[in-house]
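What follows is a set of structures to go through.
Shared chain: subunit A. Partners: subunit B in the first complex, subunit C in the second.
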Partner chain A sequence: MASTVIATVVTTVIAFVIFRSDGEPALATPLTGFSAPFVFGRFNVPKGNPLTVEAVALGRRLFYDVRLSANNSISCATCHMQHLAFTDGKPTAIGISGKKLAFNSMSLANLLWGSEHFFWNGRADSLEQQALIPIQDIDEMGQNLDELVVELNADAHYKAMFAAAYGDINADNIAKALSAFERTLVSSNSKYDQYLRGEATLTDQEDLGRKLFVAHPDVKTSLRGGNCIDCHSQFLTAGFKPLYDGFSNNGLDNEENLSMGLQIVTNDPAHRGFFKVPTLRNIAVTAPYMHDGRLASLDDVLDHYNEGTQLSSTLSPLIMEADNVVRGAQEPISLNLSDNEKRAIIAFLHTLTDHDFLTNKSISSPF
Partner chain B sequence: MRILHNITVYTAIISFTMLFTACSNEQDKAGPPELPTAVDTAAAGLSDKAAMVTDSNREESQAVVLLRGLPTLGTHHSVAIVELDPDAENFGDILHEFEISDLQAPLHHLYYSPTGRLYATGLDPKCSLAEIDLTRNASGAPVINGVDCLDTQGQQVGEDIMWHSVNGTQYMFVTFMAGTGIEQTDGGSLSVFDAQSNEVIKIIEARKSQVAEGEPYIMYPHGISAYQDRMLISSTIHADLATGVGNAITVIDLNTFTPVETITVEDAKPVGFPSAPVEVLFVRPSIVDNVAPHVLVNTMFGFETWQIPYNEVDKTFGPPVKIYDGVTQNTGVPLEFYGNATELFISHAIPGVVKRYALASLPELVSSGPDIKSEAGAHHMIFYPGKSGRQLIAVQNNLLNLGNAADNDPTDLDFIAKVNDHSITVHDLQTGDRLASINFKDKYRKGIDNVEALFGSGFTHHH
Partner chain C sequence: MDKRAFLTLVAVCTMSIMAFACARTVNKTETVSLRFSAVVGQAPLVFNQILYANPGGEGSFKVRDFLFFISNVKLISESATYLEPGSYHLVRFDNNDRTYTIILDDVPKRDYQTIEFSIGVDKTANRSLIAAGDLDPNSRMAWSWDVGYKFILFEGGLALDDVLYPLVYHVGFDENYKPLVFDLQSSEYQDLGMLDFQVDIMKLFNGTHPIDMTTLPSVKFDRQDAKLIATNYQSMVALCAVTGCPSSMRLSIDQGTLPF
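So, the complex of A and B:
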């Protein structure tokens, strides 16, 4: 569990570091205490950036350090706040320029799994690549990387931590450290996780919500479903991993108002309006919702899928044909869930809140 | 598991087995194909996108296996994860292993629950049912941290598990071949567990000696299957493999958790013993669209497959009809039913073959392709894609994972050694061609008891 992992990290004191002649650290401690649920599935850690005690400790410090912004006013944690599951509660983030950014701050829970394309539109192919983009973006953190390296080199504590984790202080190693820390942000102790492990029982309403969550409706067999699992996998409750399977057009806009989304990366018109399917872990504390934060509450989200889906050429076919009643050809897209069923799904979504993850001091600010 | 040698009981079976040994030896024993050279695409830099590509370590072709330590070979029972893609450079390698050194008899069968928990039934009285703690380490690799033996309230020799909902509540049902005591000559139980807490809710017993003549009984249960509020369990063989053999299946009313009917499934006795129904499959609409519900039964010593019609309106079962005769087809000891989206597969330990049938043609057994010729003891199987893209089937070839007298193994039963190849053979699912094999006894000095796909079942219908 994440708490175990980070506890190991924070208790490590880096006192003496022995350097090799090539500048690589002589000591890097494998993160042996790490444990994650098997059912979340396979994850890949780059061989060039294995999870080590030293790397994660360094990444944690950098994540919470305002020196990563140009005017030393904001850190990664400014838009990714632990008690909000590493989101910021705003429709779209606001950086050092004071301008509203284009996208809602994504949760950083369980980044080891799901799609390996990051940001809402998938424009980064790795966490390491992603990490440096907001730091340098003029509206987000506006930091010059060369200046940041100079600034960090002036700090003896950072020099020791970088030496222990990677060797030199440089942009690549900053990215690696941030990524290593983010990979340890594992949320796996929600009530739903405890239910999966046999440690908790869901209420009747939560269990109805769970059953609806994992069911694609089928009027022929009278199987009622919320259709959630077609995009949010059963155990991880996030998007799928292969290629761009973790991206979808979920019907927020009609054809005229469809934004570029994933198409900006793939240049494929079939990906217009596609955005990353986010994790639903801790979803009850990450409002507002969707890539642009347009939906204020989970009720609004359920209403969207139940009666607000907009038709467009790239709308997910799994959404388009899903219905709990026989629908006429001219009738609008709707799941036709009852109010009771919507409430049950929301009750289930609340079981995804992991209070340990939201309050664990070992992943909070070290400052 | 207490094993009693009883040569008398099995003399006929030995003879039958010997007849088919030659057939088994004539099978194609081609070795593993020449493997491509693996390319390590991982590197450390950040500037090159390809540099971040990591070891993807395909899990679709990995399996969990239960291995049995062979006493004369000095090995311990274990749960292991193995690579089964013939195109992988590490084909046949044990990727992770958790040894269980404190059990006399090994774990028996593996099952994933609907919530992803891994369970195993067991043959040792100290561990007749267990939950296996499976997690992932910092590299993402699956690791087994422990085996938690569950309280079965004295029930012994766990066999099959099925999760099934009754009136909106999901339960875990387990058959215990030795029931509440292996010393009982007609024992056996079906146990109802709380699917969350693993606590026993009810032990369903009805020993033949303790019920009135003609009343339904439960004896040596092994196979299990269910549809709606009816569950079927088989009556196979006493857990000591000597005291007695069954010839029936028992119907359980899941509204009351009581046996309501026992149906004899027996005809000819090719080896002179009762038929020993082993696995049952309640063929139902969730398996085959619009199918008329019916039951299939494999009889281990009858060498047959039977069909029993079911009327779901009045909840009655019709007379059993034999639809496959192993004696005329040169097969014996039919064991498992497995199915994918289009086919039903039945394993026959003798000579070691998996036969396949069109799912859509059920309840008739209409061949859907060439036999998959594995090895003596053909038993459990999994289905999965190889990295080349072709669909594969792996067959575990051991009837019962017992020792061989040639090794001075005290667990040996003479005939069983001849239907234990100790191997997994891997075949092209479409053609049945054998692509590779692993002999666990040769490679690891262990037998193999069971195989299950590592992440999620590689099949859709088993019970």
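So, the complex of A and C:
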């Protein structure tokens, strides 16, 4: 069975989803050759912001330009560094005010797939909407958008780039350009991808980790599992796309200490303590972990899920229920994985590191 | 009648006939809507509140998430069968009016006798990477590609003695793909513009043998347990009569007797 299925995957992966767009500006050049693995599934590029060569080039330049911050000291890339899969290695980001921000800098990979709500608490409904928020936030980049437009207008190079991609220099077009660039940040050449394409073989330990990753444990059928797939989809390893399916309470805090999370956005008490399920692509280089960066290492993450989850009224029933041994009613929540199994899951997580993505010059700084 | 009046009459008649002919062409297809409403027993579904009695034992339960697949919607007349293309719908009720509607456009107008659809994902699409309708191997309904899709996802909690116990009922597997057939011939169901269905979540647990959630709080990969819930969900959907829901008009049918 397994070999037949893998063969099917391998065959279908050869077919690529090729990008097509409608209605791009007359002068802009549609981005050709943009592709992604079949197993990532369908994706949508907003009609109002097609992927074009000019838009992506402009977005890349803006992404790496410190002029986007009030005192020209930091750019998007200050907190989203390519060699760390566009994270910053800090528990929570630090912007121009020098204050520690509330959230960990999220990795920017495969943003065309998975949840269509952005930020850890889901407060932006599109990348375009997301892009302008950190630029203006007083503690992040602290920039006034009108001043930024004036500043960019004084630069003949930017004037030409905007003219070719969108037209005028304005806030909307800045947001569109940044989003277009971010949509091209596709990580799809990790060892796991190569394995799915039939180009690489996983070690026994990595394959055990993969099997545990995709299994919700069931003692009744002797199926052991790490329960990861209940929130992290099997190929994208990210949260789910529809509505707020890509958000969950993963048991970091008990009822008393439960923060608002997604409830801030939906006003639904059932969403209290829900945060965005991040992609696990390149997870080995994006420490520390969780929305507030409280866990320093993957060992800590596995310990959390194995024996550290805290009970609260909105804790995922899938986390409460999952166990690899028969658990008594009064016993604390635990997956009861062996040390060997925890190490195997971590080994599998390391197969999600995509060195091409971390070093690809076409998405690095143009300056 | 003078000649001019006669010609005018002829012209008007001709135009009317042409208009009628055009209208006839337009009317060759119709839009059929299937609207599903969720109830638990007799009451509309309320999420996240401990309101419902454990059917086979002590305690009360709440529903946190409830989703299921409806596949292969067909309208069957004596002469032909209409099959919706790419017919995979992930039915969910976490919206304001707790309903889910499937709209079939351009259905050839015929005298349909029955409507058929299935709970679950057919064996061709299950355990595949086919991207049709709502199928998505990166969704919460996918177990993993070699296990296939969950046909029904129910997650919630059972409150008993001030403790909340998790409830997880994930049911899939090919043998639990259940075709349902409903009679459209009775005059009560003639309006295909909006067919109302009721989905009773309590039926998952309240079949021939009511399920005690304290002894069976989760169903995942055990084939017997999955079969038990699947047998129950076979009678979860009812077609409403004009006079109200639920209806007892569902024809009983054994799985496997229908070509699909």
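In this section, the second predicted complex is superposed on the first by the 341 of 367 C-alpha atoms of A that agree within 3 Å, B and C clash if a C-alpha of one lies under 4 Å from a C-alpha of the other, contacts with A are read in each partner's own complex, and residues count from 1 in each chain.
FYI, a residue touches a chain if its C-beta (ideal position, glycine included) is under 8 Å from a C-beta of that chain, and two chains touch if they have at least 3 such contacts.
Quantities reported herein were computed from a predicted structural model and do not represent experimental measurements.
Once both complexes are superposed on subunit A, the partners subunit B and subunit C clash.
Of the two partner chains, both subunit B and subunit C are touched by A:235.
Look at A:36: by the touch rule set out above, it reaches subunit B but stays clear of subunit C. With both structures placed on the common chain, the touch criterion links A:216 to subunit C but leaves subunit B unconnected.
Within the superposed three-chain model, A:125 lies in touch with subunit B and out of touch with subunit C [touch as defined at top].
In the superposition on chain A, A:50 makes contact with subunit B only, while subunit C stays out of contact range. By the touch criterion stated above, A:270 is placed in contact with subunit C alone, subunit B being left untouched. In the superposed model, A:28 makes contact with neither subunit B nor subunit C.
Touched by subunit B in one complex and by subunit C in the other are residues 5, 38-42, 235 of subunit A. In the complex of the two chains, the subunit A residues touching subunit C come out as 1-2, 5, 8-9, 12, 38-42, 113-114, 214-216, 218, 220-221, 223, 229-230, 233-236, 238, 240-243, 245, 269-270, 313, 316-318, 320-321, 329. Contact residues on subunit B toward subunit A in their complex (touch as defined above): 42-46, 49, 51-52, 54-57, 59, 115-118, 131, 134-140, 142, 145, 195-198, 455. Put simply, subunit A touches subunit B in their complex at residues 5, 30-32, 34-51, 112, 125-126, 128-129, 172, 175-176, 195-198, 200-201, 235. Of all residues in subunit C, those touching subunit A in their complex are 47-48, 64, 90, 92, 94, 127-129, 131, 136-140, 142-146, 155-157, 163-168, 170, 217-218, 220-222, 225.
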